[in-house]
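Shared chain: chain A. Partners: chain B in the first complex, chain C in the second.
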Partner chain A sequence: MTSAVIDREPLPDTAPQDPPRAGRRRRRHDQPPRWQLFVPLGVYLLFTLVPFYWMLLFALRESGSDSLVPWPITFEHFEKVWNERSFDTYFFNSIQVGVATMVMTLLVALSGGYALARFRFRLRMPFMLALLCSQFIPGALLLVPLFEVFRELQMLNSLGSVIIAETVFQLPLSMILISGFIRNVPPSLEEAAWVDGCSRLRGFLAIVLPLLRPGLVAVGSFAFVHSWNHFLFALMFLSSQDKQTIPVGLNTLIGSDSVDLGALAAGGVVAALPVVIVFAFIQRWLITGFSAGAVKG
Partner chain B sequence: MADAVKARSRPLRRRRAGSTPRYLPYVLIAPAALLMLGFIAYPMLSVLQYSLRDYNVTKPWRNGFAGLDNFKEIFTEDDFFWDTLAFSGRWVLVEVALQLVFGLVLALLINQTFVGRGLARALVFSPWAVSGVLTSTIWILLYNPSTGVSRYLADAGIGEYGTSILSDPGTVFWGVVVAELWRGVPFFAILLLADLQSVSKDLYEAAAVDGAGRLRQFWHITLPHLRDAIVLSTLLRGVWEFNNVDLLYTLTHGGPAGATTTLPLYVAQTGIDGNEFGYAAALTTVAFVILLFCSILYLRLSKFGGDDQ
Partner chain C sequence: MRRSPRRGLAAVATALVLAAAASGCGDSGTSSGSEGDGTGKITFWDNNGGVRTEVWEQIIDAFEEENPDIEVEYVGVPIADVQSKYDAAIQGGDGLPDVGGVSTSYLANLVAQGALDPVTDRLAESGLDQQLLPAMLDSVRATVGEGEELYSVPTSANQGVLWYRTDLFEAAGLQPPTTWDNFYTAAEELTDREHNRFGFTIRGGAGSVAQALDMMYAQSGIDSFWEGDETTVNDPANVEALENYVGLYNTVTPEADLNNDFTNMVATFTGGEVGMLQHNLGSYQDHIDAFGEGVVDGLPMPTQEEGGPHTFVSNPVDGLGLFKSSDNKEAAWRFIEFAASHEMNSLWNESAGSIPANTEALNDDWIQSAPPTQAAVEALSDERTTIVQLPYYLPDWNNITKADTEPNFQRVLLGEMSAQDFLDDLADRLNEAQAEWLEQQE
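Here is the complex of A and B:
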């Protein structure tokens, strides 16, 4: 394709009866009537948002009230779960697990993903195959043997056991995605840096890493959200109450004899808040991150 | 020492590798490989070993070699195993099919240009970030017979008071299906949207010029393009729905009367609540073999990656 064609790109493919409008890449005739878009989307939005609203409603209105708006508003349920139901402890434990899992996953996956993307070595294909196969191994089914492993390592009832377990199950997919991102960075960029006297590590840090940012955000937030949400490892490996995480705390609230719905809803909001905030920041990069990984992954 | 290795390996090395030692890739994959060997491969092997034992952590006196007794019990005496297997199959099929259909429709809707698309996308994708336990929490609030949605509907004259969706064996299945659907659809929508955005717009324009309507464009351009993504995402999701027990464990605890117990949930209950590690390990082995078999069969039948279009 010559540069002349690129310069005139909007013109040749525009049908004569449809004058081009500035800033619009698609034309009217591509699009269905508006109601065919907004009616189903609106219905689906209701299905998505009503459950969230229901939880907020229960968390914010007074106990015993049956109004459909949280008014008069109260924060008693939040105080209760935070102070009396130890959600303060659970919250900081969960943050530790989430952040540590994210950092470990990214470091290990970057190092392995770089090797897979840039080197041809004898164990490359077997290793790739092992990564793919491990996707079929259910974490829930390895609970019992993992419990034994951590008992041998004397790591039971420490957050480290949960962090390691979460990282291990995040690793394969993260590494496959990251190696896809690295393959999208032209090797010539790195080689130019070596010619200029950079070491491989410095070349990587200075040239490749900045280009990987969207992908790393996607993979890292994936790891954070998963470990924040995951429940069975924490339930199985952590026995004392001051080591529990948020999902286990929620499960305790659900399982108590007379469920305090207000407290349960408030606990749910505390559990949802960090992931919703993370999600709001990264959802745009999530799509680009996944499509970049999918191109060659 | 290092120099000696370098000198010996020099003629074999590729020219482009410059000053890179040959063992570098192995050093780079070592952390990942060690973690996976220690915490996936080793536990997998020990599952096989436990499955041949009669092993209960709370009863150290019966901790011996049992041969294939666990497996014999599973296949010949344990009727509940077959119930959980049947439920697992139904659960995975219904969930994956519904999530795929809704996710695809949602991806197609969101892929169009309209005002507020960014916000709409963020909102409809948001349940993706929500955990199984949190999903349970939300749907427990919604399904509660005295304060949930059904009560307000009854106020408005729809349905009856005191409808308890989760404790009625007739409604519990669709109750949990809807809850899991709520959280599962965004996964498909996100992955399929990523793939949709890589369809060349020229194709649609060419098809439009040739007079193809939107339905035919979807059938002949969009769907073939999404094929591999659909096969892969349904497979990953199917495996995930089979394995994931968070939601069912917390929402219904497998009840009422075991009506919503999947095979992995049965394993978790046998292991966590019952402490029957040996029997749970045997169930794990069986579940894994079934899962592997179904996955290979699915990839074969769907001719994944084949160029048979």
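Here is the complex of A and C:
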């Protein structure tokens, strides 16, 4: 508030005939020095990146080496986890689980989110509350009932069981987020499409959906990353070696009495790489998506 | 006032969902299975999957070559989660394997849930019981606490070892840590905090209490975990031993040891700045990988005087269990027999660096050429050695020695709790669990 007043009413000793100098002074006054920005960011980056460097170091240096740089570089640990420890299979299983979970979550959350955003129906608020409350239930609590359900459906030891379980756990938050994104799209846009002869579905697909792209990227990436990293359902519902996913594979690299740190680090890199790549590509939409969802329409 | 039909439908739907969820928790589903015709496919869960996958694949290949009409499906389960996976499959009523790797640390839990078939008769019929180490058979029997019945075929055991850097000891002119005096002297002499060198690395994180018990009983020499129905963990001799042990923290150990699980602890040792480590035989290969042959040696836990008798706490015995729900028990048993045979048991234990259960394997060349393993076998075979049997049969054993008391152990290390208070609390929990267990037995 104070700075706004100063902006409008220059102080008496500020010469009106020297606006560029006043402007420079204002910029210096408004903007913190660069070091105040870069030093905290640098420290934060250091804390964030050192563990990554450590992982890369162990993954790329020879067994038994205590060098702080990965030189001479070796890919023996990657070859080991990929070829001998079946990470090739785990990787593609995880991709299937992640992509299918993301697609199913988006499809169902879009429908549900649209209903929550656009329709007024009885028990709408209790339903929203129930969705929120479901976030308090840990997956482990529902493990046995889910196990029984999948057993009855003869879906145990199939990737489908993990995809369904992951989708179910992703849905509440995704639905709430997407309903927020849809609320931010003015209903008048859809109504204009209806006036032009579109059905509700056509209007949604042609008008609303393209505007939701940042939100969909945010929710979809959340669903993908969560299912990519999730360990419990894959461990419990899958019992064949060729059905396991990356998180389970990573855990098998930790033995009861010994750990192959090189292989574990290489497995960690394999597990982290897709997530890093996904985020590198979608970060622009991700930030837009979350800020869009944060504004109440 | 008329009720809305939609509200009624919603109420019925809610009730159905709740009923379905409730029924989901009620079935423990351990069917009695059948013998089968000795052919076809069996599933085997490896309870230390990944790390031992390679050697199990060799054993399975050899088995399938000898038994072409039986196919073994191998499933590697991460060691940290194997108990949860067994529990989920038992409670879920499906999905248990025909054969599974079972450690005595959770054997009692599986037996209590009725998941395993007793193997006493099968062992006697096959003659395998004569080939297995009596101490391991006793340990498996004692775990379940139901008399003479065996619920797993022991394949290997581990032993606490004091690993030390021979090069550092030589350079400092120190005696190997064969006695407790040598151990504490070396821990001090090898510490140079200014240069980030330490005499010892302690386990302050996951698994800390189990390791502390090993150190306590080995120092105090108390020969039994129970005196009547009361535990001996808070005996004054054990309290003194624990005080000595935790006194090492942050004086001759790195401060960061507070959160050490075994992985961090072994990594701290193999990092090269630490003189001694107490861990089991399983980390032998890590030491060779890090330092090469001959730089690290391993000794059984020290004694009070040179050449004196050892006191060890019982380490979990690994074995193979035959699951009650198996529909192909004949084939499953043939696989267990094969895996416990001299050649295969030796192959597995050489890979794992453990002590084989098969007595013939104890004389194999690889044991003679692995001094720490040989020393552990000799100490175990010494008639003067006392083995304090830990009560793995208590259903709450894992909870008590892990989640319930490990945070307190960290408080002891930090000086926020006394060793006496810690052990009194541990003793109360153990006595209560023992009383409950005895009541259930009656």
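Everything below uses one rule, namely that the second predicted complex is superposed on the first by the 265 of 297 C-alpha atoms of A that agree within 3 Å, B and C clash if a C-alpha of one lies under 4 Å from a C-alpha of the other, contacts with A are read in each partner's own complex, and residues count from 1 in each chain.
The rule we apply is simple: a residue touches a chain if its C-beta (ideal position, glycine included) is under 8 Å from a C-beta of that chain, and two chains touch if they have at least 3 such contacts.
What you see is a predicted model; the values in this text were computed from it and never measured.
Superimposing the complexes on chain A yields a three-chain arrangement in which chain B and chain C clash. Of the two partner chains placed around the shared chain by superposition, chain B and chain C are both touched by A:259. In the superposition on chain A, contact is made by A:66 with both chain B and chain C.
When the shared chain is aligned, chain B and chain C each come close enough to touch A:235.
Residue contacts after overlaying the shared chain place A:145 against chain B and chain C alike.
Shared-chain residue A:279: touches chain B; no touch with chain C.
When chain B and chain C are set side by side, the one touching more residues of chain A is B.
Of the two partner chains, chain B is the only one that A:52 touches; chain C does not reach it. By the touch criterion stated above, A:251 is placed in contact with chain B and with chain C alike. Look at A:156: by the touch rule set out above, it reaches chain C but stays clear of chain B. By the document's definition of touching, neither partner reaches A:189: not chain B, not chain C. The single stretch of chain C with clashing C-alpha atoms against chain B, selected from 6-14, 276-284 or 402-410, is 402-410. The contact surfaces that chain B and chain C form on chain A in the two complexes overlap at residues 66, 143-146, 148-149, 235-236, 251, 253-254, 259, 261. If you check the complex, the residues on chain B that touch chain A are 16, 18-20, 22, 24-26, 28-29, 31-33, 35-36, 38-40, 42-44, 46-47, 50, 102, 105-106, 109-110, 112-114, 118, 120-134, 136-142, 144, 147, 149, 152, 182, 190-191, 193-195, 197-198, 201-202, 204-205, 208, 214, 229, 236, 239, 242-246, 249-250, 264-265, 267-268, 271-272, 277, 280-281, 284, 287-288, 291-292, 295.
Residue ranges on chain A touching chain B, taken from their complex, read 13, 24-26, 29-32, 34, 37-38, 40-41, 44-45, 47-49, 51-52, 54-55, 58, 66, 68, 107-109, 111-112, 114-116, 119, 121, 123-124, 127, 130, 134-146, 148-149, 164-165, 167-169, 171-172, 175, 191, 194, 200, 225, 228-232, 235-236, 247, 250-251, 253-254, 259, 261, 264-265, 267-268, 271-272, 275-276, 278-280, 283-284, 286-288, 290-291, 294-295. Those residues of chain C that touch chain A in the shared complex are 20-21, 23-25, 27, 43, 45, 48-54, 73-81, 84-85, 88-89, 91-95, 97, 158, 262-263, 266-267, 271-272, 279-283, 285-286, 289-292, 352-353. Against chain C, in their complex, chain A makes its touches with residues 63-64, 66, 84-85, 143-149, 151, 156-157, 235-236, 239-241, 248-249, 251-261.
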